[in-house]
Amino acid sequence: MSEPLLYTVIILSAIGIAAAIILYLVARKFHVYEDPRIDQVEEALPAANCGGCGYAGCRAFAEAIVKDNSLDDKYCPVGGNEVMEKVASIMGLEAEQKAPRTAVVRCNGTCEHRPQTHNYEGVQTCAIAALNYSGETDCQYGCLGFGDCCTVCDFDAIHMNPETGLPEVIDENCVACGACVEACPRDLIELRKVMPKYRKVYVACRNMDKGGPARKACKVACIGCGKCEEVCKFDAITISNNLAFIDSDKCKLCRKCAPVCPTNAIIEENFPPPKKKQAEEKESKPAEA
Amino acid sequence: MLKTFKYGGVHPAENKLSAGKAIEQLPLPKKAAVLVSQHIGAPSKVVVAKGDTVKVGQVIAQSAGFVSTNIHAPVSGKVLKIDTVTDNSGYKKEAVVINVDGDEWLDEIDRSDTLETSINLDAKEITDKILQSGIVGLGGATFPTHVKLMPPSGMKANILLINGVECEPFLTSDHRLMLEKGEEILMGTQLLMKALKVKKAVIGIERNKPDAIKHLSKLATKHEGISVCPLKVKYPQGGEKQLIKAVTGREVPSGALPISVGAVVNNVGTAFAVYEAVMKNKPLFERIVTVTGKNIEKPSNFRVRIGTPVNELIEAAGGLPEDTARIISGGPMMGKAIPTTDVPVTKGTSGILIISEEAGHRKPVENCIRCGRCVQVCPMGLEPYLLMTLSENKKWGKAETEKVMDCIECGSCSYTCPANRPLLDYIRYGKTSVGQIIRSRK
Amino acid sequence: MNKTLTISPSPHIAQGDSVQKIMYKVIFALSPALIWSFIVFGLPAIFVTATSVLTCLIAEWLIQKFLLRTTPSIKDGSAILTGILLAMNVPGNIPLWIVIIGALVSIGIGKMAFGGLGQNVFNPALTGRVFLLISFPVQMTTWPNVTKTVVDATTEATPLNIIKEGLKNGKPLTELTNQIPDYTDLFFGNLSGSLGEISTILLLLGFGYMLIRKVISWHIPVTVLGTIFVFTGVLWLANPDRFMDPVFHILTGGAMLGAIFMATDMVTSPMTKKGQIIFSIGIGVITVCIRTWGAYPEGISFAILIMNAFTPLINNYIKPKRFGEKQNGKA
C-alpha cells in the first residue's frame, strides 16, 4: 500500500528539483550586478529617508554617490560630518566638512503683534491658504499658522505653539533636512549655522513692504531702516527689498544689532539673560525666545 | 427640449434679486486705485508718474506682451501715487492711485448716446482698436479679447458665440445690459464677427431671462447671421466649453482652446465694450457691476468706474448689513471672497455679493460617504473625490493622468457635497502643483 | 468699517444636503416596510429592531470614544440605519442575544475596523447578517408562522426554502408551487420571512420616496432586479419544470430589500453610473446562481458582499466619460 506514497514523494521531489534548476538558471540569466558599495554606503547612512539630501531616500542617495563616484554636492544633513566621513572612507574619497545647521522661523507675527484682519475658512493647510489668500492678517509675508512645516517634519523638531500661533523649532531634534523649508509657502524657514549652545541672532521677519505698511500690519515687522546694517562690524547684515538679513556664516553673535532695531525685529535666542534680571526672567526665558 | 450641455451641472437657487433694476451710474469716487494687473497675462507697465494729470480714457499702463492689455484712466485728476493696493486675494499689488478732480474726458471719446451702425474698419483695425482700448473678457475671467480674435496660424473660427448665459446665481449685470443695450451688443457682435471673419454668431441666453431672449431675438432679425439660442438653466453653462457644447454640440478636446473646434466665445459685456471702443472711441474704464445679497437694502446694477473701492458700491446699495459674514467679488459659485471692502473694482468685477452670517460659513467637514454626487455633477467628467485624495496625498503624477488640469473650477462638486468636503480647494491646489510640474518639464 | 470678514475659496454656497439628512431620508424610506413587519410579527419584531439599533448606537459610541478616541458621531444616523437594516434581515423570533452579536459584528467589524463611516469596504448590516447566518444557521432560518390566523410558536419556511428543499428531495415543481403563497400575497407581504423582506409594495414605496428626494438614482435597484428577472426568465423559458418563473424570484426573499436598500449603500457601491450598472449586474447574476445552484436558498446578501469587494476595482477602472476625451467628428 505504500506505492501511492512512493509516487507522491518521487513526483514532488522531481517537481522540487526541476523548480530549483529553473530558479537557478533564471537567477543567473537575469542577474543584475550591483556595486556592493551601495549597500555599504546605505548601511552607513541614518536610514531616515527624509529626503534632506535631495534624493528620494537613503538608498537613492547611496546609489547616486556610487554612480557618480564623487561626494560633490552630496551631503547628508541628518548624519552630518561624521556619517559623511564614514561614507567617504567606504568610497575612498574626501568628505567635505560642513557646519551643522538648524532651522529658524523668521516670523514673529504672534496674535499680539499682528492683528487678525479677516477670518480664513478654507482648508487648514498653509499650501492651500497661500494659494488663495494672503493669510488672516494684513501681512502677506508672514506665517499662516496652519503648520505645514510641522506635518512634514520627520524628526519631531518643529511644533506649533498654540499661544503664539507660530511654529517653534526644537534645536536638539532638528537635523536641517530642509523639509520644512520646502513646505513653507512663505519661505519663512531658514537653515542657519549652529552656534555654541544654539545661540542665534536673526531677523524674524520676511515683510518686504515699505516701513509704513509693514509696521501697520505687524508691530514687530522689519521696516528696512538699516540701523542694524550700520552697527554691524562684520558685514553680516544686508538690506534688500526693505528687509534686513543676517548671514549666519558671518555673524559673530556680538548682539550689537538687536538693541538698535526700532521694531524689535531682531531676535536673540538662547543667550543668558542680563545678570541683574536673571532671577526673575529665568522662567519666562522660553517665552522670550 | 431646450439645449444644454450634456454632463453634470447643478442648479443652485437663482436669486436674481436685481433683475428688475435698471442700470444706474454710480457717482465718481474720491480716489480711484487702478490695479495694473486686471487681466490674465502679464501685468501692464505703468506709463504715468506721480503728480501727472490724467484725463478719463488716457492710457496709464501699457500692454506688456501679447497676452496683456492697456489700462486707461477711469477718472480725471492727479496721480497721487504708484503704490501697492490690496487686491481681491488680500495680496498687495501694484496700482496707480488717482485723486479725482472733476470729470474731464479725452476729446476723441464720443459721449453721445446715438447708435453708430456703419462699420468702416477692416478686421485688423478692429482688433487693433480692441487691443488699444484694453478690452478683456468681462464675464469674470478677464482674458484679453484681442488674443481671442487672433487665432493661432492654421486655426480658423467659423462661429462666434456671445455668452449671455449668466449662470451664476444673484448676478444680473449681463441681463440688464442685454435689456438696455441690446442694439449696441448686436453691433458689437457684428464687429467681433468682422474681426474674426465669421458669418455666424449665436447669442446663448438661459431661459430664466425670457425678456432678454425676446428682446434680443427681435433685434437680431435686423442683423444678418446673428441668432439667439435659448438654453436650459444649468450651472456652469457660462463656462466656455460648456456653452460651446450646449449651442453647437461640439466638444473642445481636453487641454485645447475653443478655437480648435472653430468657436470663439465672448461675453455680452465684452460685445458692448467692443462696440463702445470701436464706434465711440471709448476705452474700457467702466463696467456694469451687480450689487446684491439677501439682506442688502436695494440690490442694484451700477455702471462703475474701474478703481472705485467696493465700499462705495455697497453704500450706494444701502450700506453693509449688520450681520454680514462675507463679501464676494463675482458670483457665489466662482467669485472670490474679499478680505476688505477697500478693494477696488477691476475689469473682472461682475458683481458684489453680500452673504449674511447665517449662510456665510462653511460647515464642518465630515467623512466622504462615497455617494458619488461630485462625479455626477462634474461638467468635465472628472472624479473630484479622487482628485481631492490625490492632491491631499500629493500624488501629482496620478492626478495628472486623472486629468486634474481639465477642471474648470466651477465648484459644482463642493457645492453638492453632502459631507461639506472642500473638494475644489484641494483640486485647485492639485492644479497649481501639477501645472508647475508640467511647466518645469518644458 | 472694522468688521472681520470671512474668506475662503469658492464656491460660497452649498446645496444644503448633509450626510445626516441622507441617512434620515433612507430611514424614513424604510419605515413603511418596518412598520408592516411590526404589524405582521408583533411585539418580538419591535424588540429585535430596538435591540439591534441600540446595540449599534452603543457600540459605535464606545468604539469612537475609547478605541478611536474621536468625537462620537452617532447623531449622523448611520448607526441607526445599520441597526434597522440588520433587524430587517433577521427573522422576527430570533433570540435577542443573537441580534446583539450581529449588531456588534456589523459596527465593530463591518464598519469601525475600517475606520468608520465612509471607509468600510463591505456593507456593515450585511456583514453582521452573514456572520449570523453562518454562525447560527438554525435560528437564522426559522421563521415565525404568520399565514395561519394566529401567530404561534410553530415555524414556517419561506417560499424560497420550500422550493429549494423540495427540489433537493426530488419533488416536482408543480407540487411545490401549491405550497407557496400566491403572488398577491408575496406582493403585499402576506407571508413569513425576515422582518423587512416580506412586503414588496412597501419597499417599492420607499424606493419611490428615495428617488423623488434624490437620495439614490434608479440605476442600482432597477439593474439588480432586471438582471435577476432576465436571468431567471431565461432559465424558466429553458426548463419551466425545473426553474421557477422570474416574477417569483424578484418578489421573494431579500431581492427587493437587497436591491433597494442594501446594494444602494453609497459607501460600498461604485461612484459612476456605468460602474453601478456593472456592480448591479454582478449582484443579480450571483444571486440567481446561489439561489439556483448554491447551498443556500437565498443569495442576495452574499452577492452584495461579493460585489462590494469588487467596488474599489470598479471605481479604479470604470471612469466617467471625460469631457472632450474624443474629438467630435464635426469640428
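We call the chains A, B and C, going by the order they appear; numbering starts again at 1 in every chain.
The rule is short, and it goes like this: a residue touches a chain if its C-beta (ideal position, glycine included) is under 8 Å from a C-beta of that chain, and two chains touch if they have at least 3 such contacts.
Every value quoted in this text rests on a predicted model; they were computed, and no experiment measured them.
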Chain whose mean Cα position lies farthest from subunit A: C
Chain at the geometric heart of the assembly (C-alpha centres): B
Between the pairs A-B and B-C, the one where more C-beta pairs touch: B-C
Subunit A and subunit C: spacing of chain centres that average the CA atoms, whole Å: 52
Gap in Å, rounded to a whole number, between the CA centres of subunit B and subunit A: 42
Subunit B-subunit C separation of Cα centroids, rounded to whole Å: 48
For subunit C, residues that touch 2 or more chains besides their own: 5-9
Touching two or more other chains - residues of subunit B: 90, 339-340, 361-362, 422, 425, 428
Shared-contact residues (touching 2 or more other chains) in subunit A: 117-118, 121-122, 128, 132-133
Residues of subunit A defined as touching subunit C within the complex: 116-122, 128, 132-133
Subunit B to subunit A touching residues, read off their complex: 84, 86, 89-92, 339-340, 361-362, 422, 425-426, 428-429, 432
Contact set on subunit A toward subunit B in their complex: 117-118, 121-123, 127-128, 131-135, 138, 140, 209, 213
Subunit C residues within the subunit B interface of the complex: 1, 3, 5-15, 17-19, 21-22, 73, 76, 116-119, 266-273, 319-328, 330-331
Of subunit B, residues touching subunit C in the complex: 7, 10, 12, 90, 169, 241, 245, 248-256, 260-262, 311, 320, 324-328, 330, 332-341, 353, 355, 359-363, 366-372, 375-376, 378-383, 385, 403, 406, 409, 411-412, 414-420, 422, 424-425, 428
